[in-house]
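Several structures are given next for inspection.
There are two complexes below, and they share chain A, which is joined by chain B in the first and by chain C in the second.
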Partner chain A sequence: MSAATDRTQATPSGTPLLEVTDLAVEFRTPDGVVRAVDGLSYRVEAGRTLAIVGESGSGKSVSSLAVMGLLPDTARVTRGSVRLGGTDLLTLSRKEHRARCGDQVAMVFQDALAALNPVHTVGYQLTEALRARRGLSRGDARKRAVELLDLVKVPNAKARVKEYPHQFSGGMRQRVMIATALAMDPDVLIADEPTTALDVTVQAQVLRLLAEIQAERHMGLVLITHDLGVVAGVADDVTVMYAGRAVEQAPVVPVYTTPAHPYTRALLRSIPSAAGTGRLPVIPGRPPSPAAMPAGCPFHPRCDAVRDVCRTDVPPRATPAPGRMSACHFASDIMAGREPAPEAGVTASASGGSVPEPKGDPDD
Partner chain B sequence: MTESRPAGAELVDERPAHGGSVLEVRDLVKHYPVRSGLLRRSAGAVKAVDGVSLTLDRGRTLGLVGESGSGKSTLARVLVGVETPTSGQVLVDGEDVTGRSRAGRKQLRRDVQMVFQDPYTSLNPRMSVSEIVGEPFAIHRIDPAGGRRAAVGELLELVGLDPDHANRYPHQFSGGQRQRVGIARALALRPKILVCDEPVSALDVSVQGQVINLLEDLQEELGLSYLFVAHDLGVVRHIAHDVAVMYLGRIVEQGPEADVYGAARHPYTQALLSAVPVPDPSVRLVAPTVVEPSPVEPPLVEPVDPSLVEPVETRIQTGEKRPGIGGIVLEGDPPSPVDPPSGCPFHTRCWLAPTLPEARGEAAASSTKGSETESAGPVVPDRGLRLVPSVCETEVPALVTRGAAPDHVAACHFARELAAPGAGA
Partner chain C sequence: MGRYVLRRVAQAVGMLFLVMFVLHLLTTLAIQLNGNPALAFFGDKIPSPAQVAAVEQRFGLDDPCYDQPGNPCLGPFVERLGQYAQGDLGTNLRGREVTDIVASAAPNTLRLFVMVTITWLVLGMVLGSVAARWRGSPSDHGIRLTSVLIDALPVFVLLLVYKEVVTVPLSGWAKETFGEDSWPPYWFKPSFDPEHPWATVAVPGILLGLAGSAAFIRLVRASQLDSYGGDHVRTARSKGLNEGRVVVHHVVRNSSIPVVTAVGLTFAEALSGAVITEGIMNIYGMGGVLWDAVQSSDVGLVLGIVTILTAVTVLVMIVVDIAYAALDPRIRYE
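And then the complex of A and B:
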């Protein structure tokens, strides 16, 4: 029964490991308060991979720092909740927040060289959390460190725990980062651009490793990336962010076959690849500065399907199809590959928040 | 050839019929000595570039791809005269420019300019844009017609920037705009060749395309030739006419873009191509997760009746045949260029070699059999146990052509094995 009620709210019945609802984060800057994340919601389920895609400044990294309780002092969460196993982390003190995360959510950062401490051995860093939290003895910690390195397939783990980060190659360092994150057996792993600094052949190794570990442990994985190729290769669900907001959310396949937001569509078109010779279709302009957000839809100055309503009204979170969200006034049109009507769409989809598939869609 | 060229005539004579080549590299070697111990004795060398030959035709783009450490950036630096080669020749317009004096190298830079990777560090933050773009004029003591100021304005316009912004400083521009400033600076002396070292890899996807289009427009407008160094194979495929693949300081495969991408002949190239994530969810690195606990969220519905949906014109739907991402996953990292493997530099990571009958020749089919089954190819835990054909370990394969395309060369002893099955890749 409760499942049914859930369904009416268009949420899945499976209990998510991590659920972020309407998250907003602001930064104090010399130019005033700037909103970096604005109303982001997502859920992470066991064994599934959620990819958060966006360009730099889209808020994808800031939102995960907020989840982890790692925001810098200049930032503040102004709205929303982050529920982890029934508790809203944002209601906890910072210390409790981090403690809860430490046990259940772990993070892998992009730049493993910067994230690892150069003056400690890899083995020391791998088990720092275990020693601090679980009070492991040095001998046990050493043993566990070797196990962890084995887990991420670092060859010759026994010898390598005694080495320092600079003695590892980029790919091996990223494996160490992943091992460090796995030390506490997290339920959810948040990986922020884990392979961006790596060569493609090594990237493939690391992605494959992450997927294997995830499947084995039935972990929820949040993969933050700008690479739509990586997303297509590993994600189950996708959240596309632009200017601090989620503009499209859907399972992976429809995002690529029938994108429901003009930004997603334009991004996909702008990827240089195979068949493409001649001019690349590009998105004109650049992402807005969070200090000077345009009125209405934040994407409207760059959108190829812009209408008057886009310049004035912030688009609602529309549901152009079950399980999909698009923050576009013309989501259904975009998804169906139609040009939005010159002005007609204003009344059709701007009314009443999320309209499930505008009823009278009179197409053929 | 009756190409009359004033200087360096003796070199011109032995040139093959490359009437259209603006840049030619012959057997280029760049080694950096590694010194160790108290006396700084030379203890070997980093063989960053180890015998590279290339030809860049006028008005064309040669893409140079490879992983980090493959020597592609070093090669680029040698070409613009930032580094002096250990041996070999670089011919610009048929004239050998290696071994030139300082002044001679300065002269070289009028013809060959560089666009750098990082638009944040390659522009001096304390100089205004007009100073940055106008600096080449000052260095080379050139007074452009109409004055420096006007010339800078023209250059800015050429790269799509507002000349009125000439007095701004780099931090006032976005990444894409800064890269345009870098390109304007490179164009100031009207060079023939632009060496672009990862010019878009620091930019956001949506901005990358703008810069790539700009480079293509400039090429058409000014007849420029590009050496385009990048690790992003998609970008290179788009912009390059010809492609060279580097591994550990050597070129392992080279040819027209369509041939290299469409019918790679070297196992390394095939592995690289297969590792590139493609924006097509039907080509999965990992099987989509089967969800038991959430029967929900109608997972992947065909959202609308497909017949009503006009396929979006992303190229992802072209159903182009490819081996599939991660079809070949290489083991380990590239070896150190200080001590590259003997024979074929790729043999320690090669996925093909251990599967060849020649590999099992002596050591009677030990247990390699089972390893072929998995898509990842041979999974060999310890490199010491790898069996590869002895020729791979002992002889450096030459860059040779096989099959119909004469411009398409690969350095693999067993390229023939690949020509057939790999052709569809």
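And then the complex of A and C:
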């Protein structure tokens, strides 16, 4: 597959199309202010696919809404920058922000049935932006709509542009959603769980289509998913998010072979495989509520390699190997497949200070 | 779309027939239990049996079934349907054609309804949209408070205050300012003027519409808020469309579906408001005519008018259904 060749050839060089730095997003809730995203950074380069992986509530969708300027009124960006072609989008007015994104960054939403307007034809929605913002005539718009549907391999495109979203099957609807995103010829495509609502065979088709289009147009693709199994086939780089933070960032192959964060390791273990027998390992516990974040490492209550330092100190962004990031006190140990020694906390955390006590109850 | 419309029309014809039949059963039962309405023709005088028989024959009340309580009187019903089919709705007790009465009274009621509907739509759409778009702002709170105030003010109070307190000084002022023969004095005339039907119906219609607009404002606000939170609106924004376009094509357009339905449903309700308004403002219209007919036991006129009102209501329902389908493709292809 083309994406695979890209992965070996492309080098992380040149200026990124989209660069998110130290992004933090807060929500106002009746219970006070909660931080949904905290210090997220990533870069998207032409022709490369970045997968952002995490459970629901990990901040992966919220961060992309922040990039697009689509946060709800109760949320606001408190820190960081989103640079698109040399401009920090977060310094623009909301109107300019959305206009810039409409031209260069497009988003594919999760539930295409809800994300497409039920009362307008597919053709109208495909070319709405082209007509409103680039002044395309009605006839040209119709032609372009048919081309776009052809591009995403919807059969009988000429007739189907006149139909409404509810007349499409789930997979076809998601293709329409992708075509809508491609209409303005964006440089970056953000796909937020594009296959969640689909059954497995259709999922594979839609992912393959996304990968093909991405390679063909040399776009940057951000693929947001909760499914590490989906990532392996299409992504070049992976960012694993937990509780609003990036816990591991690395090229895709090392993430699978030598994960450097216990959360990534646990996620990988819980991917079901056809050959698997016995019980599927799960990660015990639940992600923390953003309103009640545990002290220290946010993952420590669920971590199988937890040490005392994890309960008190927020782990620094360690670099266990070139081009890799892991927010774990014991990143090198986890990457090497070693259980961190009780005393290793002092050297690996680089935080100095107290001597950690022997390992406590692992179920803690 | 064509099949959908056809099916709706067929349903409407069936409904019309059903309503007419129920109406017939009710009036028949009323005659059977309550006595001969032909007597009402004579007022205080005591007629001879021959006179009564002549009147009964003239108004189609001579069928013996009217003396048998419980008899559905299908014979006269079929006969009346035949007459209706020929456009003959009978006469009132004074021998005037029902169609003629309706033809002179209906246009004024229709004018009133036009004003009412325009007021609903304008107030509802404008205030509801503003409240939804700037949710939680002072204007939102103000609009919601206003809608509660409107609800608390019954239409007859509104009209009486207008008529007794406002009209005279206002029309006097208008005469002085714009001259005797200009339009403005008629707008504020305290009673209906058949020479200037539109001008003298306008303000009462607006007031009646205002009294019913509170529910509309809240409905528009609620359905637009629903759309604002919708995923498809987020998609539209992600395309970089300006907010005005998003509001018009993705919020107002989508939330117009429940609003249109409500216009149709409240239309039938507005008739009771019309009776009050026509009474207070002396407008010669369907409400007043129906009220008088009921008062004077004029069976033929009541039946004729109610049948026509049913037909109009059914027609409005069809129009609403078609508008609904035009607005929402999911209905069209059900």
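Quick note on the criterion: the second predicted complex is superposed on the first by the 329 of 364 C-alpha atoms of A that agree within 3 Å, B and C clash if a C-alpha of one lies under 4 Å from a C-alpha of the other, contacts with A are read in each partner's own complex, and residues count from 1 in each chain.
Assume a residue touches a chain if its C-beta (ideal position, glycine included) is under 8 Å from a C-beta of that chain, and two chains touch if they have at least 3 such contacts.
Just so it is clear, the model here is predicted, and its values are computed rather than measured.
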Chain B and chain C placed together on chain A: clash or fit? fit
| Touching A:133 in the superposition: chain B (first), chain C (second), both, neither? | second
Report task. Based on the superposed arrangement, let me know which partner A:256 touches: chain B (first), chain C (second), both, or neither? Result -> first
Practice task
Identify the partner contact of A:338: answer first if only chain B is touched, second if only chain C is, both if each is, neither if none is.
Solution key: first
Is A:95 in contact with chain B, with chain C, with both, or with neither (first, second, both, neither)? second
Partner touching more residues of chain A, chain B vs chain C, is chain B
(Q) For A:106, using the defined touch cut-off, is the partner it touches chain B, chain C, both, or neither? Pick first, second, both or neither. (A) second
With the two complexes superposed on chain A, say which partner A:114 touches: chain B (first), chain C (second), both, or neither.
second
Query - Contacts of A:75 with chain B and chain C, given as first, second, both or neither - result: neither
### Query
Which partner does A:164 reach: the first (chain B), the second (chain C), both, or neither?
second
*asked:* Taking the superposition on A as described, I'd like to know which of chain B and chain C A:45 touches: first, second, both or neither.
replied: first
Once both structures are superposed, the least CA distance from chain B to chain C in Å comes to 7
The shared contact residues of chain A with chain B and chain C are none
Residue set of chain A touching chain B in the complex reads 7, 11-15, 45-49, 55-56, 155, 169-172, 199-205, 207-208, 211, 215, 226-236, 251-260, 265-277, 279-284, 286-287, 302, 320-324, 335-338, 363-364
In the complex, chain C touches chain A at residues 230-232, 234-243, 245, 249-250, 253-254, 257, 327-330, 333
Touching chain C in the complex, chain A uses residues 68-70, 95, 98-103, 106-107, 109, 111, 114-121, 128-129, 132-133, 164, 166-167, 180, 183-184
In their shared complex, chain A is touched by residues of chain B numbered 67-68, 174, 176, 204-210, 212-213, 216, 231, 233-235, 237-239, 261, 271-272, 274-286, 288-289, 291, 293-304, 308-318, 320, 325-326, 329-334, 381-382
